[in-house]
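The following pair of complexes shares a single chain, subunit A, combined with subunit B in the former and subunit C in the latter.
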Partner chain A sequence: MATEGTAAPAGAPPAQASDQAATVPPNAPTTSTTEPTQLTGAQLKAKAKAEKAARRAKVKEVKEAVAAAQPAPADAKGGKGKGKDGSQTLGPQGQGKAGLAHRPSMNGRRPSILIVEKDIRSSIPECFSHLPMAKRIHPSHAHKDVHPAVLTVGQQMATFAIKDSIARLEATLLAFRKVIESYETPKGNSLSRHFVPHVLNPQIEYLTECRPMCFSMGNAIRLLKTKVNSFDIDTPEDEATEGLLEMIDLFINERITLAEFVIARNAAKQIQEGDVVLTYGSHRLVEKTLLRAKNNGQSFSVSIIDDPYDRGGQVMATALREVGIRVFYSPNLGGLKTNVERATNVLLGAEAIFANGSLHAAAGTADIAVAATAASKKVVALCETINFDRERVSVDALTYNEIDPEQNSAESFRLLYDTTRDHYITGVITEFETGTGNSPAQAILALLRKQEDPALN
Partner chain B sequence: MPHAVTTATPGLQALILCGPGSSFPTFTANPDENPKALLPIANRPMVWYPLEFCYRAGITNITLICPPSAAEAITTALNTNPFLTSLPYPKADLLSPKDLDQNTGTAQILRLPEVQALVTSDFLVLPCDLVCELGADKLLQAWMVKSVSLASLLSHSGSPRAPASGGLGVWYPTKTATPVKGEETDFTAVVPLPPSSVLAPRGSLFPHMSKVVYSMPTDSRKDLVEEESGFPVRNSLLKTHPRVRMLTTHRDAHFYIFPRWVMDFIRENEALETIGEDVVGWWVKAGWQKGLSTKLGLDEILGHDKDDESKEEDKSGAGSTPSPSKSAAAAGQTQSVTVKDKAEQARKSESTLAGPSSSGPLVPPMLAYIHPSQPAPSTGSTTTTAAPATIIRRVDTSQLLLQVSLQLAKLPSIEEVGPEAASPFAHPRKVAYPEGVKPRTTITKVDSLVADNVTVQEKSSIKECVIGANCQINEGAKLIQCLLMDGVVVGKNCKLTKCILGKRSEIGEGCVLTDCEVQENMLVERKTEAKEEKFMSSSGLEATEQDLEGYAEDIGEDDAGED
Partner chain C sequence: MAPSQTIYAPSMDKLVKSLKGQTLETSIEAFIHLLKRRQVKGDECADATAHILRQVVAKSKWNDVDQLLSKVQAVGTRLARAAPHEPVIGNIVRRVMGLIRDEASEDRNADDLGSEAASDIQSLATAIAPHTQAAPPQRPGPIPFRPPPLTSVASFHVAKPKSMFNLLSVAETAESSITAASTPLSQAAPTSVHALRSEVLDGIEEIMDEISQADDQIAGFADVQICPGDYVLAYLPSRTVERFLVKAAAKRKFTVFLVSLEDPYTTTGEASHAALRKKLSSSGVKTISIASNGLMAYMTRISKVIFGAKIVYQNGGLLVDSGASVAAQAAKAHSKPVIALGGVYKFCPEDPSDEIAGEAGDSSTYVSYADGLKVDALEVENTVADYVPPELVDLYLTNLGPQTRHHLAAIMADHYKAEDVGYSFLSNE
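Moving on to the complex of A and B:
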């Protein structure tokens, strides 16, 4: 076996010495049993030394056997281990010995290195094994084809510096833009064949390793891949690159920037003078709406209920205070009934909307929606159409969710999202112009179906 | 065979500054033949440590910068030294700008045209004498998340100018379990980062990160206090940052991650001489001192117009006109934009940590990772203080050299604990050439390190030492807490305690030396007894004609030669 062969030289001299010495003591004891007085001090010493060497050789063998039995981790450690062990063993020895970690590297493309996957999830019960959790790999464990911009974006996502789906989507698309800009098709390949499997997929895998993808990222990547596949194999590279860059720019402009503006404008129309707007946590659409309404000259107050584990509401409260909006802040869901009774409107931001109209939003949103509906208040959700997922359906919070990587143990873990059934939502505001203002989610989904199906070819 | 680095590259390039080592009088008396960068720490040349640090982080674009006079020695070492040649590909480049000599300040090095042309992206600056066991990828992660402005990283030609990225530096405590007398410290004032709503990931460095607001070496601070008879603190500093924490016994590790614009900053300001004191010092001051950023030219460099502070805000261009000034009493027609600006500014100053200077554009922050002096208790570990903290040390005096070498010698070898648990600085074996060690010798393996091809004769005792390659320890020698470089011959029955012996030196029989340093190629006569002496040759210290005339003018100037 290669491992033992290559690792053996390190242990060979003592092993050989022990073999040679081992042949001596078997003779010595046999003679010693017959003539015990003939064992001199030197022979005793030789015996002791041989036994020690034999013990050492055995320990080494055990280690080699263990390492040989697990080629995968050693291979996976290749990137890191090679740097460490290779330089260590070669240096002082001065001979061409190869350390344990010198295996033939990479058969084809291997994914980013996962070292501690099992450790993170080991405490979570089997029945929840379908719930993903951010694995947060370090930059040094990423596959070597990952672009530096993508590396940075991935780290920011992994450490939750950018959290909400639109920010992640935008960062991802801009990072992919950099990748495309710096991409050069190798000779004999064409962009449409080479780009996705060899260049784009490692980036996507790395980002997924940092944190599981959100729906909008999945949608956008699917559109990108479709566009790449739509190119002819003969299309010149410049044209193809231009086309991709244009598509990304258009996408960002239309479905993120413009959508944000339109949603904020539409939703701001709904806020009347003297309203008390209730919202949960911090969401960029809600914030933009409120600022917009203030710009329009309305005077209203805002009641923010915050997630106790993730105090994003405080940042939004400060931002709103800067422009002179009166803010009521509640640090958790305590006193929800009172807060809801005081409010006139409820504005909620969403991460995604499923095909059955359910809202996928930060954990705690469902409580607000239920309480508000019970108090007969209008609940309006704000969501861009890129966040609509027409393939998945959810009726509870346990089907699609994500476990908080910082708060999980064998006894309990925290989930990041929850699902609000559609009968608790009065209306959804998206970037589609609607005359009346509120449209139930189903209407929007129907519109999307009509719009996107002919566009996808 | 050395292999190629197989991890992702973070798109940074590294500069390792190999200076002359003026604090090492014994061993770098000849900085051209024996540059400080090649002095051995735990039997590896000093420059191996920063190089290995970069490779561990996945950085492959590494350049060593040294004066042209030392270039030959370093090139030879890079090609022949077994440690340096076993570093992974791609190999580090060596740059010797022609205007660089032994006295150039570190910022002046970065101002040289060759170096300016070399640096094209965000870059790391490392000194050649940094021993840092902490994973560079953690520092990179901290920089990527806390300092880098994503908008500037991802901006392209069509997008508006985004706020620039900040920098990152590392400070380590000098009052550790093994303090070294006379170690330089830096005086730094830091403020905590704005609390983020998200818990920092386990094992990340974020809990130890702060923002630097004042930085100055202790010597300069002492001079300042003497001049002003007191330590003056500007009011604007306290107004901007009411909670300031001042560190007096930490030291700047001189490891910096700088964004690209710092090169322009250095180029524009000729007065900056050193990175640690001047570049970082003035940069962080510009964050809170009004008007300083304009004086330093940061406005143009960072692409800010004085009148426009909300550049990256409205990409859709919907109704955003540059706001004339920040005061809300601006013209009524811009009132709508002002509301957004103020909210943006509030958001920005929360999330981007940039100095909220009311009179100028936001200066990106310089962040500091303050290395904790006690290791953080890891979950589930039963040993509390038994595990030593990761080593971050700058090795620029001989005492530090000895200390750090001995500290590294205590690391268990790879043979003992296996490749995963071993520190990146562990050697494969504590005694590399056990056949050279004759019987009836004592070598305390747990805290000694013996390199290749060392012959140790009988009846000698080696306790807590680091012995370089090709040394000969003769009979009856007793070495305690010594550092021997390559090729040293220790005579019979010597007793050496806390000594540092340079390359190819020879100690005669029966010497008793304590706390001594012996320069390379020196011979110490037999039966010498010495305490706290430095054995140096006086060649190179001979006075030239000019010096003699100069001395004739001065009164009572003693010659500096020692023997």
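Moving on to the complex of A and C:
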């Protein structure tokens, strides 16, 4: 039940969970059908060998684990039985030594992952070879300490079923909630010492392997770890678990749900009667803002420029049209100039914001911002503060980015994000009300310092 | 010219072939149909316009320069209106009209001078020079007249006896210049009609040659503009750009970022780029195909941006394939040079038109019209042509060499007559 248990509260429709169950098995066939075209004979052989090794390792592992639990078959089915499942998978590693005993068998599986990875990455041009790319890991290849809930979330991230930063954060937190719920401190250990290195870290490693972590996940995990470390060594386990669960709930409420509401409210105030709001692709905050403004009784029209490789804008356009907003839809950046000239202001959804005020957003956002600035239009970015990064700085899009695994072949190459420098942005709207709720991008660091980790207190 | 006309070759070849067999009116109509169905585009448009205008000069009846001019203008207007999205048609018509005016005024000057010997020699030279140029059948184009068999009387009449008439008419003009020194052009015309006709035809041939050779001449500047180690972003490489890159690849080692705004779900455009990629990689040039909408992300890596211009307006602005302005703008934001390639025949002595730049294309590739909800919901705007303002272009690379914005006016003045510049093929009447 772990699959549906995580997906439903994550705000994802239940259909996604069943989608997930359906998409995971076909993963293997699709990779095997696409790869042979790029593989040489020798590589094929190596791959076949690796697969064989993996199969053997799996069999071996099942045999080993049979006494304690049956993680592999349970994973393959997507997990049935709530509490039982958790205790089963955590059982062996709770015994400490049994967890270590599994390490060698896992090493046996590793090479197969590496070979597959090499093949996929071989088509990446050299000048982009430093950038990470999401990767589908078959559930049977995952570390056996990975909780089924996390396993599911990892799959959803790798397949881009859960895409944007906040959805990923929420899914991760809910999965971690399950991990914490099913956690039992082994004898002679305390939660504050044992939980992070032995339970949480394997989950994080797995998620990172599926798809590079987004900034919000990094921030949340950092806060979570600080919270764990803050517990005294003598803190009773129940109390500590309770504290962690409470923190996660508070976190989701404050930094995600409330933030979304406040940002939409603040941003909606900026939309005037008769405005033509230009936006790029689809972003949850932008959509919420526009719906909210419509709800406030404003009449305005929206011009959506879509990314032809994503087409999320079509979905948003349909949703906006349903409430009676006039929508102009451009399937690509072709008529950018005309669109920008018609617009009165530009509303951009951000994936993250760097410490220097640069916007990390869907590829193409920067082009919109540049065109809008050239036409002297107001460019407003919407972003929750959890997406702010206080350490990393980016002045170009090739410092931090991600390669689109769907568009990675000899025929095509695509980056998922681009970086919009702060001078192309008029303002950023966050959930913290600084004046109008509109704080300039340069003031991000000050803002962050001001609200330093409220979740901890 | 012939080998690279892969996509539209069938219809164009058919048209060019049909020119000699058909009456003038039929071939004009045939061309207009091709234009309206957009089966002829860009460079072929220019070439086909020249072909048609040559037919007009050769086949239609005219007794003096004014009649010829108005005939050419009338046909030109019809063609230009059939394809308002191809201003290059207007360019060619203007070039031909300018040519006619030039030839006519040469005659008139000769008359005015009245110095028999000088004019005699001059006109002889002008009459013979083009003739000798035209006679050997070494021209590259598929000039339909060349194979002499008696397929069509009309073309035969134009092509072959030209040389004899030339000689005769030269003598005649010389005579007339003696007898009637100040005869007005229109009266003197009948005697020199044949001479004028053949000279104009030769001039049109020259324009056609210019069109067919422009790409190669532009490619000749490739190794100057592209340095080893460059990362060149080629936006929707046109035939001109492809040739340029291939030529550069022969001498330089660089990396090409190919960008296409193709619809990612119907990969029809890939085929042509695949050929280019193969050519480039065979000479050791790496290609990276960017499947992306926005280009800001890649621009830090790029050292120069190259795309083909459909039209160069007199203010220096460009008419380009949709999305090229995004590339130019991203390059500007990163201070990377933008090089626009285009032959001089693409220089248009007009101001940019919003209607052409915002030209809308087929949106059904992007939005499924089987989905009624979306049809209701969306006002889909898929623009296929784009305008690049002059301040975003650093260099105009033409068949006459690299030009800056400040020299465009001089080039326009060299190629178009002031009388024709003012005439708009699209608006009046």
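FYI, the second predicted complex is superposed on the first by the 327 of 457 C-alpha atoms of A that agree within 3 Å, B and C clash if a C-alpha of one lies under 4 Å from a C-alpha of the other, contacts with A are read in each partner's own complex, and residues count from 1 in each chain.
By our rule, contacts are C-beta pairs under 8 Å (C-beta built on N, C-alpha and C of every residue); 3 or more make two chains touch, one makes a residue touch a chain.
Computed from a predicted structure; not experimentally measured.
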A:Q314 touches, of subunit B and subunit C: first, second, both or neither? both
First, second, both or neither for A:A175, with subunit B first and subunit C second: first
First (subunit B), second (subunit C), both or neither touched by A:F328: second
Contacts of A:V370 with subunit B and subunit C, given as first, second, both or neither: second
If touched residues of subunit A are counted for subunit B and for subunit C, the larger one: B
Touching both subunit B and subunit C, residues of subunit A: 311, 314, 318, 321-322, 407
Interface residues, subunit B side, partner subunit A - complex: 1-3, 5-12, 43-44, 52, 55-58, 82-83, 86-88, 135-138, 140-141, 144-146, 148, 150, 153-154, 156, 158, 196-202, 204, 206, 315-316, 318, 336, 339-340, 342-343, 345-347, 350-351, 414, 418-420, 422, 424, 426-429, 432, 451-452, 469
List of subunit A residues in touch with subunit B within their complex: 10, 63, 77-94, 96, 99-102, 105-106, 113, 136, 138-149, 151-153, 155-156, 158-163, 171, 174-175, 177-178, 181, 206, 249, 253, 257-258, 260-261, 287, 291, 294-295, 310-312, 314-315, 318-323, 405-407
Complex contact set, residues of subunit A against subunit C: 125, 127, 306-309, 311, 314, 317-318, 321-322, 326-339, 363-368, 370-371, 374, 396-398, 401, 404, 407, 410-415, 417-420
Subunit A contact footprint on subunit C (complex, rising order): 231, 255, 261, 263-264, 267, 270, 274, 286, 288-298, 300-301, 322-323, 325-326, 329-330, 333, 357-358, 363, 365-367, 373-374, 376-384, 386-387
